[in-house]
Every structure is written in C-alpha cells, then in structure tokens.
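I have a structure here, written as structure tokens, and I will follow up with some questions on it.
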Amino acid sequence: MEKLLISSPWAEVEPLFNQKREVVKEAGLWGLALPEAYGGQGLTLAEFGRVSEVLGRTPGGHYVFGCQAPDMGNMELLVHAGTEAQRERFLQPLARGEVRSCFAMTEPEHAGSNPTWMSTTAAREGNEYVINGHKWFITAAEGAAFAVVMAVTDPDAESRHARASQIIVPLDTPGFHIERNISVMGEAHGGWNSHAEVWFEDVRVPVENLIGEEGKGFALAQLRLGPGRIHHCMRWIGICERAFDIMCSRAARREVAPGRHLGGQGMVQAWIAESRAEINAARLMVLETAHKIDNEGIYAARDEISLIKFFAAEVLMRVLDRALQTLGGLGMSDDTPIAYWYRHERASRIYDGPDEVHKMSVARRILRRYQ
Amino acid sequence: MEKLLISSPWAEVEPLFNQKREVVKEAGLWGLALPEAYGGQGLTLAEFGRVSEVLGRTPGGHYVFGCQAPDMGNMELLVHAGTEAQRERFLQPLARGEVRSCFAMTEPEHAGSNPTWMSTTAAREGNEYVINGHKWFITAAEGAAFAVVMAVTDPDAESRHARASQIIVPLDTPGFHIERNISVMGEAHGGWNSHAEVWFEDVRVPVENLIGEEGKGFALAQLRLGPGRIHHCMRWIGICERAFDIMCSRAARREVAPGRHLGGQGMVQAWIAESRAEINAARLMVLETAHKIDNEGIYAARDEISLIKFFAAEVLMRVLDRALQTLGGLGMSDDTPIAYWYRHERASRIYDGPDEVHKMSVARRILRRYQ
Amino acid sequence: MEKLLISSPWAEVEPLFNQKREVVKEAGLWGLALPEAYGGQGLTLAEFGRVSEVLGRTPGGHYVFGCQAPDMGNMELLVHAGTEAQRERFLQPLARGEVRSCFAMTEPEHAGSNPTWMSTTAAREGNEYVINGHKWFITAAEGAAFAVVMAVTDPDAESRHARASQIIVPLDTPGFHIERNISVMGEAHGGWNSHAEVWFEDVRVPVENLIGEEGKGFALAQLRLGPGRIHHCMRWIGICERAFDIMCSRAARREVAPGRHLGGQGMVQAWIAESRAEINAARLMVLETAHKIDNEGIYAARDEISLIKFFAAEVLMRVLDRALQTLGGLGMSDDTPIAYWYRHERASRIYDGPDEVHKMSVARRILRRYQ
Amino acid sequence: MEKLLISSPWAEVEPLFNQKREVVKEAGLWGLALPEAYGGQGLTLAEFGRVSEVLGRTPGGHYVFGCQAPDMGNMELLVHAGTEAQRERFLQPLARGEVRSCFAMTEPEHAGSNPTWMSTTAAREGNEYVINGHKWFITAAEGAAFAVVMAVTDPDAESRHARASQIIVPLDTPGFHIERNISVMGEAHGGWNSHAEVWFEDVRVPVENLIGEEGKGFALAQLRLGPGRIHHCMRWIGICERAFDIMCSRAARREVAPGRHLGGQGMVQAWIAESRAEINAARLMVLETAHKIDNEGIYAARDEISLIKFFAAEVLMRVLDRALQTLGGLGMSDDTPIAYWYRHERASRIYDGPDEVHKMSVARRILRRYQ
C-alpha cells in the first residue's frame, strides 16, 4: 500500500481532489453548509453537523465537498458580515471552489490562548490600511488568494476587545511574504494542508477591505468559533467512528494465536466499550450544542461550546490512541489513516484556544453564579 | 451540624421519612413511575428519568417519593409478570408504601458477574416449592414483608439461561433467617438501607408464588435491569449535580488567602469544567437510552444499557472525588453528603454487574458485527 | 466475620491494643524510631521507613508499636526542640505510651493549604500565654493529655512565617473544650482514631510551655513534615502491599464460572500489573527521599518530600480502588480492611497539605530554575 | 529553524553523524557498553543505563556513540553466543561502526505479541539453511550488512519455545529483498532510522551462520530483551528529561499576558510536578532493575523487566504529551524535538511486546504465587 495521499505534496493531491469535487458538484452535494444564495443548501448547524461527521471519516472529505477549514469560516464570515462588494469579489469564487483563502490571527510572539493580545497593526493612511506584522500557523496560506487578517486598528481602545479589526488582504499584495511552511509533525508540504509563517511589511489594502466595523475583529472572531467548533467537533466524531471501525475490524480478525483473536483480550474489550461510550457521549453533546446555537444563538451556548471543545478533543485523542495500540506496528505505519490522525489531530487540543483555556474560562463563568 | 440522617439507625430515620411520604402523597406526587392503576402516573421511562435525577439530589429522595430500589424493581416486575393474585397480595401494599420488599439474587459463593450461576434451589414438592440457599447483599431485607428469590428450578435445563425461576417468599416463612446485616463501609444498621446475608433452609411456599413461568428467572432479571438502570443512572446524575453545586459553592467562597478564592486555582477550575462536561454527557446518554427503551424496547437498547452503566458510574465517582478534594477536610466529614456518597455509591461500579462485565459483554456484541 | 476492630468505639479497641503493646515491649520492639535515650533504637529515617511499611499492613500497627501519629510527630518535635523540663514532663510519658497527645493546627475558617494563615492567638500576659482560638480535625484530641498548639504570638511580624509559635497545652487546662468528634466517613467514635473540633477560650499556660523560640512555629511545623511524610508514605506502601495481597488472593481463587478464575480476566490482570509497578515505584521514591533527608537534611529534600506526598497518595488510592473493585460486593463490606482504608485513607490526599498545594509549590520551585 | 535533522533522508544525516562519531572515538567514548576486548569499556548494565539516559536526550545520541539499536542487541548477542568466526566476521566491523545490521523477527501475518508463532522457515539442506519468509518492521534493514533472522528450524518440536533459531544472513545473499521502507508516522526515508518490509525467498546461508544451538532462537531472543529493555528505558528517561527541560523553559518564559507567565497556571504546574514525580519514579525502577540483572541475572529480574517496559513507556508518552500541550502550536512543529518523539516514540508502547502483553504475563506470574 502506498503512503497516504493526504500526506503527499499538495501538487500531487490537488488534481485528484479537484476531480472528486466535480463528482460532488454533479451530485448536487457541493457546499452544503452555505446559504442557497451562494450555491449551498442552507443546512442548519445541527443538520450540517451530521454531514460533517460523515465527511470527517476521510482526511480530505471536507475539502472535496467544499466545506473545509479555513475557507468555510471565511465564507460564513463574509455571508454574515461582508459587504456586497466583498461577497462579489471574495466570497463568490471561494464558494465556487475556484480559490482558497486563509485566516491570519496567531502570532509567534504571543500566546494563542489570549486572542486580544497581538502586535500586528493596520494603520489607516488615507483610504488605505497599512499592515505590519508577523503571523504563524496560517493554515493553507500557500496558494491562497486572500487572507482575512486580524490586526490592531485602535491600540488605545479602552477595552482590549475593541482594539483589533478583520481585514481582507489579497496575497499578491506587495509586502506580504511566506517565510516558510512550518514543518508540522515531520511534514512541510505546501498547499491547503500546510501551515505557514508569514510577514506583512507595509502591506497596503483599501479601507473597503475592512470586514464589518473597525474594532469588531474580536467579536467577529468569537462569532466564527461557534459554528467552527461544531464543524470541527463533528469532523472529529467522524474520525472517531472510522478509527473505531478500524480498531474493531482488526480486533475481530487478528489472531494472537491459532484460533484466538485479539478481540478476546479483556484490555482490548475495555478499549472498545469505553470508546463506544465516549464517542456516543461526544456526539450527543455536540449535536445538543448545535441545536442550542441554532435556536438560541452563540452567546447563549458559549459554555457548551467550550465544553465540547475539550471534551470531544480528548475523546478523539483517546480513541485514536486505543486504535493505534490495538493495531500495534500497523498502527504506527501509514497503511491506515490512524497514524496520520494520531499525529496531526493532536492539534485539536491546541487550536481555537487550548483545552486548558476553555476549562478556565467555562469554570470562571460557572463560579460567578455561585458567588 | 449533626451526623447525616441517612447514616443513622433506621429506627431513627424511618419515622421522619414516613412523615415526608405523607407530604408527598398529599401533593399527589406518590409513586410517579407506576401505572395509574396502581396509584402512579404512568410516566414513560424518559419522563421518570428526569424525576429520578431530581430525587437523587438527596439520599432519601426516592424512598420518600415511593420509588426506591429494590421495591421499584419488584413493583415493575409484578406489574409486568405477576398474576392478579400476586398483584393483589404483594404489589398493592408495596405500591401504597405499607410494606417493603427485597430481591434475593447474589450468592457469596458465586461471582455476581455471572447471573446464571447459582446454588440456591427451589425443588417442587406437590403444590409447593422447597427453597434452600445462601444469599448476601440482600438490600433492605431486614423488615421486608417479602423477597423475590432467584432459585434454580431445573438444574438440568440445557440452556443455563433456563435453569432459574423467580419466586415470591414472604419473609415470615419458617426456614428463612437473616444471619447478619453486613457492615458496609463501616455501617451495619438494619432497615431499608441495609444489606443482609440470609439463609433459606427448607423454606416452603405455594407454587402460586412463582412469577411468570418456570425457567424464566433469568429473562425476568434481564427485564428488570433496563428500567432499573435508568432509575439508578439518573439518580447518579442527581447526585452529581448536587455534588457539583457543593463543589462550586465551596470553590467560589472559600478563601485560600485574604481575597483569593479556591476557585481561582487552575486545578480546581479543571475539575469544575471537566465535571460539567462529563455530567452533561452522562445525562444525554442516559436520556437517549431511556427514549430508546421507551420506543424500541429493552432488547434493542441492550448495548446502550451496558454503556450507560459504566459510563455514568465512572462519572459519578470522578465527580464525587473532585468535590471531596475541593472541600478538603470538610469533604471527609459528614457535614456534607459528599462523604456518604463517596463511600456508599462506590457500589455503583459493582452492583447490577460490575463495570468490567458490561464492558466485556458490550465489546463482544460489537465485535461480532466485525467478524 | 465481625465488624473491623479499628472502626469500633475506642473504649472497645483500646484495651486490646494495650495488651498487644505489652507484647511489643516484651519483644524489645517498642518505640523503634525514638533515640535510645528515650527507650527507642535510634533508627535512621530510611530504616524506620522499612519498619513503617510493615506496621502499615494493619490499621493499628503503628499504635501498637508506639510510633503512631500524631504522637510520633510530637515526640520528634520535643526531642528536637523541647527543653529538658518539657521532655521530662511531656515527652517521657508519651514515649512510654502512658499518655496520648494531639497537634492543633488546622482551623475551620482558614484553608489548611495555607499554614501561615490562622486566627488562633497566644497573647503574652506576664509569665503566661493566653490562648484563644477554634481548631478542627484535631486527631486524637479526646483523651489526650496535652496538645501542641499553633498560635499567633506576633501578628505584626513582617514575615508571615514568623508570626506563629508552638505551645504545649495540657488539655485539662480551663478554657479548652471539645465541641464534637467530627463524624468522618460515617464514624465519630472518640479516642485515638477520632478528629475533634475544639475551642480554646482564654486558656492560660506558662511561658515555659513554648517550644523553641517565639515566632518559630512555622519553621518547627516544616521540620515535622519531613519525617512525618516518610512515616505516612511508608505506612501507605504497607497498606498497598496488604491490599495487593488481598486483591491477588481473590483474583487467583475466585471462580467466575466453573474452573475459570477472576484473575484470568485481562482487566484484572492490568490492575495487578499496574499496581505492582506503581507500588514498587512509590516505595523506591520514598526510600530515596528518606536517604536524602538522613544525609542532606529536610531542606535539601523539600522537592522530593512534596513529590512523594502526592505520588504515593495517588498510588494508594488507585491500588485500594482496584482492590475494592476486584473484590466486588465483598470489597464494599467490612469483611476485609479494604473498605476501611478506601474511605479513611482518602484523607491522604488532603492532610499535611492537599496534593494540589504540593504540586503548585514544587512546580514553582522548579520553574524558578528556568527563569 | 530547519526541519529536524533526524527526520531528514538518511543520505543527508549519515555524513554528519559519521563526523560526530570520529569526535566520540577520539574522546575515547566509543561503544561504551561493549567488553574491552571489542573496544568498549565493559560498563555494567546499571552503569551503561546512566550513559543511555544522557545519550537519549538527543535523537541521534546512541548512534553517534556506537550503541544504537538494533546493532547493540546484535553485538551483545554475538558477544554472548557467537562463535569466534562469527565474532571475527560480523561482530568486529559492527563494533567498529563500519557496518550496520538488523534483526528480523516480526512478521505481518502474526501478532508480534506472540514471539513463538511465526511462518519463516530455515530448512536444513546439506551444509546450508534455506530461508523463506516475510518480515516487517525490520528497523535499519536498508543499507545493513547483515540481518539476524528468527526462523523455524524444527516445526515439530514439542515445545513451541524450541522451534526457532537465530541465523545470520548477509543481506547481499540472493533471494533477500526489501519490498519497501514502511511509511511510519509519515516518514519513509531509508537508512538506520527506517523500518522495512522484506522477503526471504530461498535464501541460502551456511550452517556456520547459526547463532548458538538450533532451537534456541526464542531463548536467545529473551536474553536480548533484558539489557535491551534497560537501554531503551533509560533512553526514554533521557527523552523525558529533555522534554521536561523544554516544557519548563517554555512555561517559565512564555507570557500569556503582559507580565504573566504560562508557568503561573495551575494546570501547567500540575503537569510539571506530576512529570517530575513520574520521571524520578521511572528512573529509580529502571536502575533498580539494571542492578538486579547485573547481580542476579535476567531470569530473576523478568517481572521487573516487564514492569519497567510498560511503566516507563507510559511515563514517556505522558511527559511528551504534556510538553507538547505546554508548547501549543510550537509543540506541533518540528522547531523542537518534542513532535518527533511524540510521533515516533509512540512505538515504545508497542515494540518488544506491547504493554498489554507484559501486563498479562507479569500478572499471571504474580497470580501463580497466590493459588
């Protein structure tokens, strides 16, 4: 068996993915989570959650169906807060899958756990913003048509939540450059599945590229997290289900001695039962949260959004770890997708706020009710 | 504050509980889970689950509302499989709260994890069964009016699941005696909250006391487990919620230094967030299972029933452990109910089949689908 | 089998323990950890650690051999810092086992995790200290001849570590009274194994009762913790070994089906192997720490002392939990000592500073080396 | 910073490693664990354990000092059981670092957890063995001068432990070929750090290539495991210490807000304290086991050898996981060695017998003493 497609250089992966995208479009399944106006089907979050689980079973699922991060988040952002001109110029080609985009928020000098603390600035000069800054872990930057950039527009705003704005930066703008694709878990291929370290040096964009109002960058980022969390968490559930299948298949069929199967061992049985329980639990929690967001909005569901973040990520890593151990040497190899997920989905406990930050913030909100 | 009521001798506890039962009856909230024909309100399992959570917040809740184990299970059994005469004589007084009952299954000589393996026999002689055997952990035996006894009626049945029957034994029948109330976690008071070791020596009861058909003892026991699991698990969720409240109150208010609260510590925050997530997860799983039993029956839900058994019991013990640790010395004391639950609810991982047995059996069923 | 002796009222336990003390004295094994001048054998801490493990196998072991907490700590304190007169009057009868003592530090109003924060005061008036305060979890107070009391003698001392002193208070001094023996895990018998809530109201003692210098209370308390930790941790190792024996005996002999033993189950095997590894690890760490204290002193070993506190306590609770689960219903009963230890040794993670406080303080010291 | 050297193609890595080997040889530190007769220093296992910890701090440490797996195990094997001719031809160049070797045991068709079950055969024909079989996870096969091959020489031996032998196969022998370097965690470079799938098809070697006696293959493999375990476990401790340093450096210096460091967070403090305790515990256990092997031999220490296998591997993975989480995105990147170890050392819980197999076998031996 060959090395996993998804880990291969993007130049090898992209053509195949694009072929499959055509199949999806012909089947009328493209961009399911988008409003109908943009070629989607206007699924609710809870509905799309169920889809996201299925797509998550294969590493390229979301890409092939046109609802991959970080593009999906950028599309939701522009649907929600973009101007007509922005939608025309940036959203439409993205929604059609003609271009890719990225989201530039994290900075190497500042802890990602503190999203209001950043050094990148966008200074207004006439009808332009002049952007300067250093960002990293910018997923899918290489080859992207544009970035949505978080930058400080008002460093003196009293509230630290009102300092930053989100601005669209076409990546062919002079002053932008990619320093490197960061080698992540041994892989540094470019393309959709890469993570760049980038610089903005006197990058000038028209003020029309501001998304929403000035100073609303943090609020827009919060908005992004709700649906994004559901997408991710349900994708993780899909990974869990696939890993569970692979683990159970192996346990049911692998002989440890003539006529005696791996699945007859008590410790393996414990892993299977515990995984089944935890995956069921995680799915119910995420879908419940999706319903709450659909019905009551993101603010009302912010505790649940934090809870599913770390709960589902921890379940994901435990299930992958058990599957890998059940497979033994095979689990270390790239003959199954387990090893790919084991190393790359480890990031699930880190991105969009490390688990610990979510635990701290949800606990503080809970404790306020007891004071 | 005084030692917890529930740990006191039953002779001191019972009068107070009986007073409170009167309040419940007057409020029309008595025996909620029973069919209307027996004075109840015919709640579905999912509906009663929600009630059971609320009652679980206090150790005597279920007793005071007339839906306590093991009487509830015996009532469900007689509603489902009892004869009219059995219902008249045994169910009606039980449903009115006039008597108590017990369920005699576990034997000291055989692992409780293997319910088809027992030594107690019920030999048919004329119109009577003659019962001989040794049982223990017979909850609430002391003072009970009758026991439902699992005994082997056909030791030669080909299927080991067809050997035993369930028979009603009034406890004033000659030949029955209680050897001791087992000291459990330091407490050996009698009454509802006790656990007896008992002997049946040539105990004779009329064949009319057989419940259902001969050889169906195991099938009836399985039937008992489904709703019983929901009752228990939702009771545990209630305990979790109460423990969570106590933990959060303490964390929010206890100063560790002037002006600095326990709840400001990261490790305590992690316990709070993780407990919140796990309790939510457990509740969703149990209610989902209740719905499945209501809609598809116990057999269809037997995987889920096993899953919630160990998942909810493990959550319960973790939440209690964190609450106790948050309270420190106070948590060890009986000034709060935490220590009572910590020691006595440890049994949740053991009774009705140890967690490990459920993990093994659910894993085996899952693995069969992969062969 | 009867309810465990150690859980019985002290009036029933004490005579039997005293008989056994005579046997120990005749065998020349009394008070092993004391210097020879006080009838002991001057064992090093590492040597006594090995003894403490053996004594720990039974709940009354340390008491019967005359080296039980809290008396042992008081004896070490007086050997180290007492005056000749104090040794004559208080240490000698204690060392001979004629009286008992207690150590009064924890206050209900202040977190035990912050030992420099207390309200009890000892105001100097002429040749006397006048003590006022409220303490709880005063182990063995009922029936004790005297208490060593931590009280603030200089509330204005610049360093909060220099505010308190340790003072000997005979418990027949007017103004002292026991409010209650706190019900701990369902048990509130008095005597050695009890935990009192007490008041000091204008309790007057001569200034000669000051131990060491004024303001050195905190330093003396720290001194107490080093050897005390070794005693406790090795006692826990003894409990672990006994629990391990009970677990393995049961697993090896208990049939789960005809001819199939509990110990054949993979999950039970995992518990046995993991327990064996963890107990070995804990013992090595504690003995290594004892050697370091013997050779380099308590200050040099303070990181290790914190590490063994939480590491050994967590191992203890895990081993007890696995043993209990292996025993099933029997484990919940008092037919073995497992349930006693399960409930009462839960305090191991709390007393002498909760595990979390030790984790925080050792981490902070480590981090200082990386700044 | 560049992608980690160790993950680069071997052709890029090897020249640099060879340069460093010269430095080591000049310093007189080459091949420390070998007997003096082979250019080593005859360190005891406990002594070499301490060296192995230091070398483990960097991924190429053991290679550069000439004591890397699998060559070290092959050298020990030939020192112990090789003929003079075998030592002359195979051991000497290996000991001088002129060639590399591999060990061919695991087969894709059989669980590695059952080392007596294999399909590869070595049929005696005249003065030759004719070897046929399929092996995988043959570390360092590509470029190796020879393999030590486990093959069945007597399929009918009564004891399954007497069926196989170990035979030296020069890898330029016709009939041997490498099917592929297995992609492991996304990497499939060849050379020392690779893992091949290979075929033996009518591979003929002279009977002089048999190591020890026919039928002793399993016994020799067991012999290999004792010292090999110490080497590996102490290497893991070295990794743990390096990861701990990286974690603490980051925690002490990374600001999460102006003036507030990551290391001030309670959850991070818990990771640091728990890691410190677990690393200390693992080191003590491994060194204790090394002493026991040195003094009493491998057989006497076989329980301890199993215990350190899983205990140290679990500590390793927990420490790496905490370090990675502390570093956040940086931990996912190859800017530190954490991500390399996180993905590749996951194999520590699998090779040389999965942890679960060691748990089962040590538990079974323990339980036999209780029957």
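Labels for the chains are A, B, C and D, by order of writing; each one numbers its residues from 1.
The criterion applied here is as follows: contacts are C-beta pairs under 8 Å (C-beta built on N, C-alpha and C of every residue); 3 or more make two chains touch, one makes a residue touch a chain.
Every value quoted in this text rests on a predicted model; they were computed, and no experiment measured them.
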item: Chain separated most widely from chain A, comparing mean CA positions; value: C
item: Of B-D and A-B, whichever chain pair has more C-beta contact pairs; value: A-B
item: Where chain A and chain D are represented by their mean Cα positions, the distance between them in whole Å; value: 37
item: Interchain centroid distance [CA atoms averaged], chain B/chain D, Å; value: 51
item: Cα-centroid distance, chain A relative to chain B, in whole angstrom; value: 44
item: Residues of chain C engaged with two or more neighbouring chains; value: 265-270, 356, 359-360
item: Parts of chain D lying in touch with chain C, wherever the complex brings them together; value: 245, 248-249, 251-253, 263, 266, 268-270, 272-274, 276-278, 280-282, 284-285, 288, 303-304, 306-308, 310-311, 356, 358-360, 362-364, 366-371
item: Residues of chain C touching chain B in the complex; value: 3-4, 7, 106, 108, 110-114, 117, 136-137, 182-188, 195, 254-258, 262, 265, 267-268, 324-325, 328-335, 339-340, 342-343, 346-347, 349-351, 354-356, 359-360
item: Sites on chain B touched by chain D in the complex; value: 265-270
